[in-house]
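In what follows, a structure is listed as structure tokens, so that the remarks can point back to it.
Per-chain numbering from 1; labels A, B and C assigned in written order.
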């Protein structure tokens, strides 16, 4: 059962045992498969390409019928509009991007600081009712956000956390801690407990053993986990919409959604801000591609 | 859920060897203490941000409380629950959600597995292909929703434009009852097919080669090999992916909010979307809480199944 | 081993203490929560604003508004910062904006939180009931008596943006309380293509429909009509209400709180029939989710013969950068005409626009500043300047002033429409009522429901909402 995604993704482990050429007229079928894959890839990627294309079109080309695929004038005005307000100052969108950076960053740090030690403890010690605890932890992650937002709203209004970055940070951390624990427990399980045992034989306390010997080995795993937590907080929409209302607190997802539904919709701007918004996520996702499976299944599947 | 309690230490023999209390040992944390100290902060956050709000919700679900009207929260027993379970409005949304979950997850599974199968047969360019296919999954639902709304626009959307250029008529993607739900399924499928693909690919790569070699000696047909070797070995992992997606799809809110706003009429309103309306349009907090608790129950049951299955898989 | 057990035992109290602390925290918060619930009982209605403006602060102060994101919001911020600063140099005006779809939720979730990041809420006229009943905005009846010249206004305008309980259409009840003052007046204008249907706008609804029909037939690729059909905000509901009014229907009987049998009477049925069976076929395919911006886009792209939109949202139509109708404002105006709505059985038009309402949760100094701002804003000279800056004033003298009438081609339409206005219900249940109507009209327009069934469902469900106050459980479904 120990196959890493890396292996699944890499070219090295290709299954050369069944050369397709051997049966059914071989080459023709292979060509067909490649063609099919190409078509599927084009279909999957077309919306992304169209988004990028729209972001560099002038508005009259954006609405052109029939749609213009190649012959349009390229402009970077929409990208300028993402960051610069018409009066030359900072645009509301760029403020929201900054808010997103703060909220996603701090909540990720918080979730990591709380989640990694807990994951280590769950992995190393025989905690009573461990399975139940872990189940409980995971099920909090599966709660429908729309349901959670109601009592959170009531709670926040008692303590003044509505329309406050700290409020978003806390709720994102609460959604990311279960993920961090599940994901990190897998990574800790992979580090042999014997390392710590040996260190303790040398006179280190268990805490020291954890800090000096296990933790350094966990760094890549922590980085991957943190990136996934970051992506979740970065993309989150429901809490952001219902718990924020002012420009100075609002994060990017509701700000981008707010670009439609005025008196005119500037689709070029929507596309440009979407590209700017998606870019960091894609870069980060690429960095942690080895851990993607574990990352997208809350650490449940790691092979 | 329970408190962190009696611990046994992984390796008793080794404990014995470190046992002699050194002078500085009072400063040392015991393993137990360490476990408690490491687990409790995370647990406290979850208690404060998940459990406590849910208990509050549970309490409110038995009342007629409204967050804006203020006033006392009158205890009304199971009134909210019976009203929700017998409401035709809720049944409609439950049916919509069910169709959506089955349609979207079904389509994703078939497509995702298909793509994974095709990729697994390639010798070259697998890394690049997989990475490219994964892009949609990483995008925010806001971006996905907005952009598909733009592409599916009946008048100037690129989808109808392409249909037009091959001689097909305009389709009202977002404003007809059937097509709106189909559009929702298509967009979700576009975003999450890569998820199933990724997991299926991991499963496919893990099928031991010797099984295929044995089969090819027996001159078994390709379909036979697929049915008797590939599918049974990949299926358990695929099921994990399917269950995971089903739980996520069941909670769907943001895509509906942006793509169709529940329309036309209420025909694409999911359960989550309906709760939002009850909670934030009329501020019927009591009803919305009960509605939410019922959804949470479903999620817990689904999660329970999911984990049972996951454990079985790990042990087996 | 024995040693280890000892450790286990000694740490038990520690664990219990921790648990107890956690439990106490939970209990404390719960008690706090319930305690708040009881506080709520005390204040059942809106707190009163002082009759005269208290002394204003000399410290720098930011007066915040909340509105949805559209050009008038930016216009207001620019105008107020330029002009109000002359009177009050230490005050800065900030207009927070939220997406239109979130407007109601954003204001009322903050009201529910008993803490607002705005001092003046720009409420839709229909939101007043909900805000007053919940005690979210100040009662400014006495303030208005002492500071505002009420005779300078068409009484209905004053009532529509401030009075609760609601006034009869076209009137004001002088004994009723006031909770707001007009900020921006608005109504629908008919936008028609002079080059396609002629200079003279259709006078009756029937003529309008046949003109659109003919125009659509004569001009392939251009649809006859464009209007709001979306199921969000109040889009489809306003459309139906407008046709309902024009065909002599009523939304409800306010005295007996009856909707069932009133909304869906013969006139109401006829209006729904006209909307779905005569008007909808003349719209573009896939226009069933159109609201303000899509209608504007259709007009600007030259794809509609006749369109209906809010006046305050129509300014962008004259911008050559967004239009394919001409490369200058004059060229565009050669093609686009703006007119008051055609009449049929009545000449009613929808009341749009919003008032200014002071948040009950804003600090005293800000509330005083807010009252001062409102008094300033309703001055005759300021109203004219607001008109010149692109706003729609409410004082009769400003409405008839050249500053206003020359500021935009649709401003005459507004002034002519003022005596013809009708609003929706402004009861506390407004948000639910409008959602029921929106979704059902939208369903009828998009073939998801038969028109008659949709109208009957609206009447039945809305009546259910009005009557549900004494129901046990399940409110809001």
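To be clear about the criterion, a residue touches a chain if its C-beta (ideal position, glycine included) is under 8 Å from a C-beta of that chain, and two chains touch if they have at least 3 such contacts.
These numbers were taken from a predicted model, which means no experiment stands behind them.
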{"item": "Remotest chain, subunit B as reference, centres from CA atoms", "value": "C"}
{"item": "Highest C-beta pair count, chain pair", "value": "A-B"}
{"item": "Length of the line joining the C-alpha centres of subunit A and subunit C, rounded to whole Å", "value": "37"}
{"item": "Distance between chain centroids, defined by C-alpha means - subunit A, subunit B (Å)", "value": "14"}
{"item": "Multi-partner residues of subunit B (at least 2 other chains)", "value": "3-7, 9, 31-32, 48, 52, 56, 67, 155, 280, 288"}
{"item": "Touching two or more other chains - residue numbers and ranges from subunit C", "value": "29, 33, 101, 105, 109, 112, 232"}
{"item": "Residues of subunit A whose C-beta touches two or more other chains", "value": "63, 153-155, 242, 254, 257, 260"}
{"item": "For the subunit A and subunit B complex, residues of the former touching the latter", "value": "1, 3, 5, 7-11, 13-18, 20, 23-24, 33-34, 36-37, 40-41, 44-45, 47-48, 50-51, 54, 63-67, 114-115, 117-118, 120-122, 124-129, 131-133, 135-140, 142-155, 170-171, 173-174, 177-178, 181, 193, 197, 200-201, 205-207, 231, 234-235, 237-238, 242, 253-254, 256-257, 259-260, 267, 270-271, 274, 277-278, 281-282, 285-286, 289, 292-293, 296-297, 300-301, 303"}
{"item": "List of subunit C residues in touch with subunit A within their complex", "value": "29, 32-33, 36, 66, 68-71, 96-102, 105-106, 109-110, 112-115, 117, 232-233, 291-294, 296-297, 301, 313, 315-316, 321-322, 324"}
{"item": "Complex interface listing, subunit C residues touching subunit B", "value": "1, 3-4, 7-8, 11, 14-15, 18-19, 22, 25-26, 29-30, 33-34, 37-38, 40-41, 43-44, 101, 104-105, 108-109, 111-112, 130, 133-136, 230-232, 284-289, 298, 303, 428-429, 431-432, 435, 439-440, 442-449, 454, 465, 472-477"}
{"item": "Subunit A - residues contacting subunit C, complex", "value": "59-60, 63, 153-158, 160, 162-163, 241-242, 245-247, 254, 257-258, 260-265"}
{"item": "Of subunit B, residues touching subunit C in the complex", "value": "3-7, 9, 12, 15-16, 19, 30-33, 36, 40, 44, 47-48, 52, 55-56, 64-73, 76-84, 87, 89-90, 153-155, 160, 170, 172-177, 260-267, 277-278, 280-284, 286-288, 290"}
